[in-house]
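In the two complexes that follow, chain A is the common piece, with chain B as its partner first and chain C second.
The block that comes next holds the complex of A and B.
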């Protein structure tokens, strides 16, 4: 069983300048992972940078989730005996996202053969319900390099250190993170095979340096891994934008998380109009049991005042799906409202964060759910909400219909056309109920 | 026999706002090629629409067309250009005429070099004849441009133009294609060995009966057959195509007011290609590596017995395992009996395309669709589902016709909702009036009053928009754009299924309830909807 220690403690006691550390970002086994191209192990890159700078040890990286130049991450069905996962009669096909385990095994064997094996292997982790692939990576490292200590870090082990120490064949579990915001990411660990984008944090001093370094290597796509990119009224983000906008005409920012309608300011809206911001995805903001309509209306007004045409870039809003207490009517209404506000809609399935308020409130219920089944795609609160998985899939279908872009636009409720009335009339008349013996519709 | 005569066959590019190159093989021209081979001709093919492995063809912006209008223009620069709401960009799909001209010159150069060579080199000579296929009536301009280029490079060659356009609008073709004192002949009157015909340009209407039973001459696509065009990145490969087209019957005994099948086939008789010959073609091509076969018929199943014999042979032939059969054109739904569907599935048909057109009985009657009705549609639908074809995943698809003069737009919406809910996949078909059809004649005065030539009648250009304003005063381009977009959106799938607007589940029910209620004053549930003209009818 792995020993649970803080990162600080581990670094002070167990890492020396002579160490050669291999950092590993494991693959993911999941039924869907649409945003996999954005899986970048920023924690590993930052700690790698810190290790080199402060300890002076050797650091290497093996990122099994690295996308190719076009942003594509390998995906393959699991072997036949593990291909489907069943939950109460619903079958979910499962795929392996990222490079195969064998590629890691080959790398380790090759290091061993070349006598350049690491003295420590650090494996990061992201979502707790993906722990099985983390465990598999640990098992594989242990099998190939039995004498090399394995250190686990990342979100899963931070949230569930005991679970990790039991489930994974590691030596140390780093239960508490180390403050690394002021550290640049060690993107040099990718060598010549750079990923197609760099993940940043909204720390102007660091982010600007990173963007300059990336641009020098012809990397022009950036995203921010933040919970609130509009913090301090958006000033840090504006600073990053202003100091980098002239670096390269093709610099592109992808705002995929941490953008809340309630936090948008007119000044931020004005920079978002720049074509350098190629996609803007707004988080969901609530006001009690309903959507915080005022914030959405205000955010849209700011964007419109700034001159943003929703069709010119990928703009959308998230709607949570599968939270405890979901009401079907609210989900549909919210979908309409978000689509209406931002011209795009993305349903975001929910999973309780271990230890969070949702977890604690529904601890008894969640105790009956296997941890692997906490994946949002399995809708762990389905039974609690009395909304079947099939109904959640129907909601996805509805969203796909609403969101399908034709001539660059999602469904606009047939806004201002004759169809707005006619479609409603067809629905009210229930025309799908025409049967062979009632061939004529009432005029 | 005339062993020395040579013919260059050209399938022209397409000028249109959209084009789907999935089944773009010029099957009529390739059948004529087979026929000319029997007459001893030396042949060469330039297929301007030859698709690459992704089944796409290159496209180049050509001009901007104003919808429901004769106006068009070319912008100073295409860079950053965007069209207005009542305009569409017309593209040249495939090899444009200026590139074609280069290829023609290359053929000419090689022919002349060979002629001057001391060695006996087998090279395609400067052609005696150029055969050009011309399909849609509203694409006629590319035929004209191809003729111009051919004439310039090969001034001594005579031109033959055949296909749907010269069949439906021969006078138009005689006057507008730039032909020199052309003859107008029916396909059955063509005689390549007739000295008079050999020296005249010819507009050919209808089919050449002797060519109908012949297999397509796909060999012209092989390196030593076509030779052109030059291979560029993403350009077509030099070998047999990945699919071929089969026509086992022609003609239709019915007379829908918008359909030209009767004119194309010189009456209502149905001609059938003998199944054994088609089967031999399938076997031979399959052995050569072609796995996909697409039936192009005026009305599949009208030659039912012959067709069934053919697919029975295919289904029972173990050597044809893995064959994929397609029938994306018309199919006679009333003849989709259980045993027919079962055999079609066994043979390799993966999808069905139902010509639903409309659920409105009055519209059906108005269009003289007397042979079909909803009962027959349901019969076909039930039989396909019973056989194992799945709803909502594009196994089964419905064509929906719209953009017609005097159409009932509410009936179109009814049809969309019905088809989407009951079948799950809808294919929008914007109506194009076809010369020589009853509907064309009925609305000729409107067409003439607008000054429309055939290219303006392309359904995608909404030729009856102004006409339909007589019924719907404020009808605009947006109304049609919204309607067509709705149809595409309804096909969006998750876990291989599209959303069921008429579903009985809670999601569909609440969707309908909320969507419908947002239109009622005082019932709006979201303040967000208040500051936009959402769901307002002008």
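The block that comes next holds the complex of A and C.
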């Protein structure tokens, strides 16, 4: 069983300058992963940078989720015996997102052959219900390099260290993260094969340096991995924008998370109008049982005052789906309200964070659900809410429909029409897409 | 202009020798080559309605055009001399090249000028009243041109041979078109000399009319198919060399040239666009320099491609619209997409026997050669490929794998001496006369004699077969090893996943993996099963090496196959969650257990002598024996758990092999 230690303790006791550390971002096995192109192991990049700078050890990276130059992440069906996951009679197709495990095995074998094997392998983790691929990565490393210690880190092991220590054949589980906000990401670990975007945190001094370095390598797309990108009234984000806007005309910021309507300020709205912000996805803000309509209205007004045309910009709002206590009417109402505010709607399936308030409140219920089934795409609170999975999928279809109707355009499959264009975009988002199976509505 | 004495239907038959279009077209390139051209430009009209060939050769005088270009056998007369003014060996030989395009275009326009003179001597048995000079020269020269270019010497023929004096004995009439001798001086000899330096001509060969005449067998009108106009060079734009334009290309030719590349993935030249096919074929059959490898890469072939100096054009450009291509003779080993050529698969060919001299190479590859057009031996006489590449009949002698090996062989043979006599090559130079002694020597050297294929080709076929045999043997050995590894991988991944899921089976499996209790029952003492790998593969000795970067390497020079021991060892270990077990393959008795586990020593024994082995392949047997063993060991004495576990383990496939 793996030892559970804090990152600080591990670093002080087990890492030396002579170490060669291989950082691994594991693949994901999931029913659906529409945001996969934004999967970037920022924690590994930051710790890698810290290790090099403060300990002086050698660091290497193998990112199995790295998108290609066009931003595409490989996806492949699982073998037949595990291609579908059955849950309460519903079958969900499962795919392997990212490079195949074999690519990691090959890399490890070649490192071994070239006598450049690492002295430690650090494996990161993201969502806790994706632990199986983390376990498989550990197995592969253990099998190929039996004497090399395996260290687990990331969100899953932070939230569920004990589970990780039992489920994965690792040596150490780093239960508490290490503060690395002021550390630049070691994007140089990607070498010549740079990812199509760089993930940043809203830390002006660091982010500006990173953007300059990225632009020098012709990388112009950026996103922020933050809970709240508008912190401190948006001043840090504004500072980053102002210091980098003239670096390259094709610099683009994709705001895919951490943007709350209630936190938007007129100053932020003014920078969002710039074409450098190509995506604005607003998190759901509620005040108790209902949506915080005032915040939404205010945010919309700020954006409009700043001159943003909702119909042309990529603005949309998330609506949680599958939270405990869901009611269909409320979900539909919220969907309309978000659409009205931002012109676009993205339903975001919910999964309880281990140890969170939702988890603790519904611990007894969740104990009956296998952790693998906590994935939001399985709607773990479906039984609790007495809303069937099929009904949730109906909401996806409704969202797809609403996303088109809000622009007052009927479907039109003729080439070049706006309707056709919108439909295409909707299909690309795949918000409604579920494999042909029993979930489909009977005709 | 007259094309004398040949039945039009014979002309039509001769024109049919050249097919397809590109083979006919190459005749115009050969003509230019024989005119000592260095650079040739081929320009297609935008809609492929016509094509023009412009060369920088020494051109033709109108008389050469009439006597050599348009006359059947004209070329063969020159062939006897064998060399061009520059000393090149001539390519054309039969003197029917001008007919090559007869079936592919309606009209051929030839413009040229040559800086040489023309002499004609006429002996008349009695003194004529007058001599028609243009008729005597056989070309429509104007009075003006005659007065500037013609010189004439008239003398009595016979024993006295006194020269006649202009003005006294003979006079010019009608602007030097007629020579009049007023007094009867008996038999006369007239020597005419034309200085062609100042002449340029434009001729038109009306093939449409020629073939139409052939249909009607109208021999009398045959002279009407060609016309020529001769100008003073000073009155025309500066021009040297020859320009030939094939006008009104036939519809089927245009269609072929315009054809687009076949949809989807294509590998062969035959599937590419019509214009690309034309260029490729032209580059294969004309005397142009070889394509070269990029960079500084040294290629052993370079020494084998002996081309006599001056036997290739400096450049051949083909253009259509905005695009222009400089052609180089393609060779498969020089093709950027071709795999590297192993030294033992390259054979140098040298023939020097009975007056035939040839040099070149034959190359075998481990894979099938694409584009398919590269396959076969290309034989070149005076730099021009004779027919398409082939195997001189070896393809009909070989069968099975040997015949299949031909698709992996390419080669290039340059004839340096011999085989270039008129009697050795068929019209159109698309094949050899098999009765030719030189051809017999060539064939014997390349493919041997009798019913067995020998010679250089036999050696290359044997090398290809040897490699194929080694590769297939090695691939079988490695694939089987990979399948056995896969079986272990499946088990290992299944155990990891079952433990990770944390359900009821996880505890039992973890306990099993960590157990130290030994309870083996005799299989440990059974004899060991050695490697499945034979000591020799395809005649090469098998050796086991550590830390190879590939699963196996072959060295044909030392005759060894090196197999990576580390990878082989992978089929001797099984990771059960976090513990490595050694897999020991045993040759037990049929009544001994299918497998046994010794957790204390971390060993698992597999009984390959078990009767179940006969029912399934190696992978299946390994999976089955391990699944039942692990299920039994983990479940202890719980039959339901054992069945459940065995079922899960047997149905699991690791993602990496999905």
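Heads up, the rule we're going with is that the second predicted complex is superposed on the first by the 403 of 443 C-alpha atoms of A that agree within 3 Å, B and C clash if a C-alpha of one lies under 4 Å from a C-alpha of the other, contacts with A are read in each partner's own complex, and residues count from 1 in each chain.
Convention: a contact is a pair of C-beta atoms (placed from the backbone, for glycine too) under 8 Å apart; a residue touches a chain by one contact, two chains touch by 3 or more.
Here the structure is a predicted model, which is why all the values come from computation and not from measurement.
Looking at the shared chain after the overlay, A:76 reaches chain C, while chain B stays out of its contact range. By the touch criterion defined above, A:228 reaches neither chain B nor chain C. In the superposed model, A:90 makes contact with neither chain B nor chain C.
Contacts of A:239 after superposition: neither chain B nor chain C is touched.
In the overlay built on the shared chain, the residue A:19 is in contact with neither chain B nor chain C.
Once the two complexes are overlaid on the shared chain, A:60 sits clear of chain B and of chain C alike. Within the superposed three-chain arrangement, the count of touched residues of chain A is higher for B, of the candidates chain B and chain C. When both complexes are overlaid on chain A, the residue A:395 reaches chain B alone and has no touch with chain C. Listed in rising order, the residues of chain C touching chain A in the complex are 492-493, 496-497, 499-503, 506, 547-549, 566-567, 573, 575, 577-578, 580, 651-658.
Across the complex, chain A meets chain B through its residues 293-294, 296-297, 328-329, 332-333, 336-337, 340-341, 390-391, 393-404, 406-407, 409, 411-437, 439-441, 443.
Against chain C, the residues of chain A that register as touching in their complex are 29, 76-82, 96, 100-102, 105, 109-110, 112-115, 131-132, 135-136, 138-140, 142-143, 146, 163, 166-169, 370-372.
Of all residues in chain B, only 359-362, 373-375, 378-379, 409-411, 413-414, 416-418, 421-422, 472, 474-476, 478-479, 481-486, 488-495, 497-503, 505-508, 510-512, 514-516, 518-519, 525-529, 531-538 touch chain A in the complex they form.
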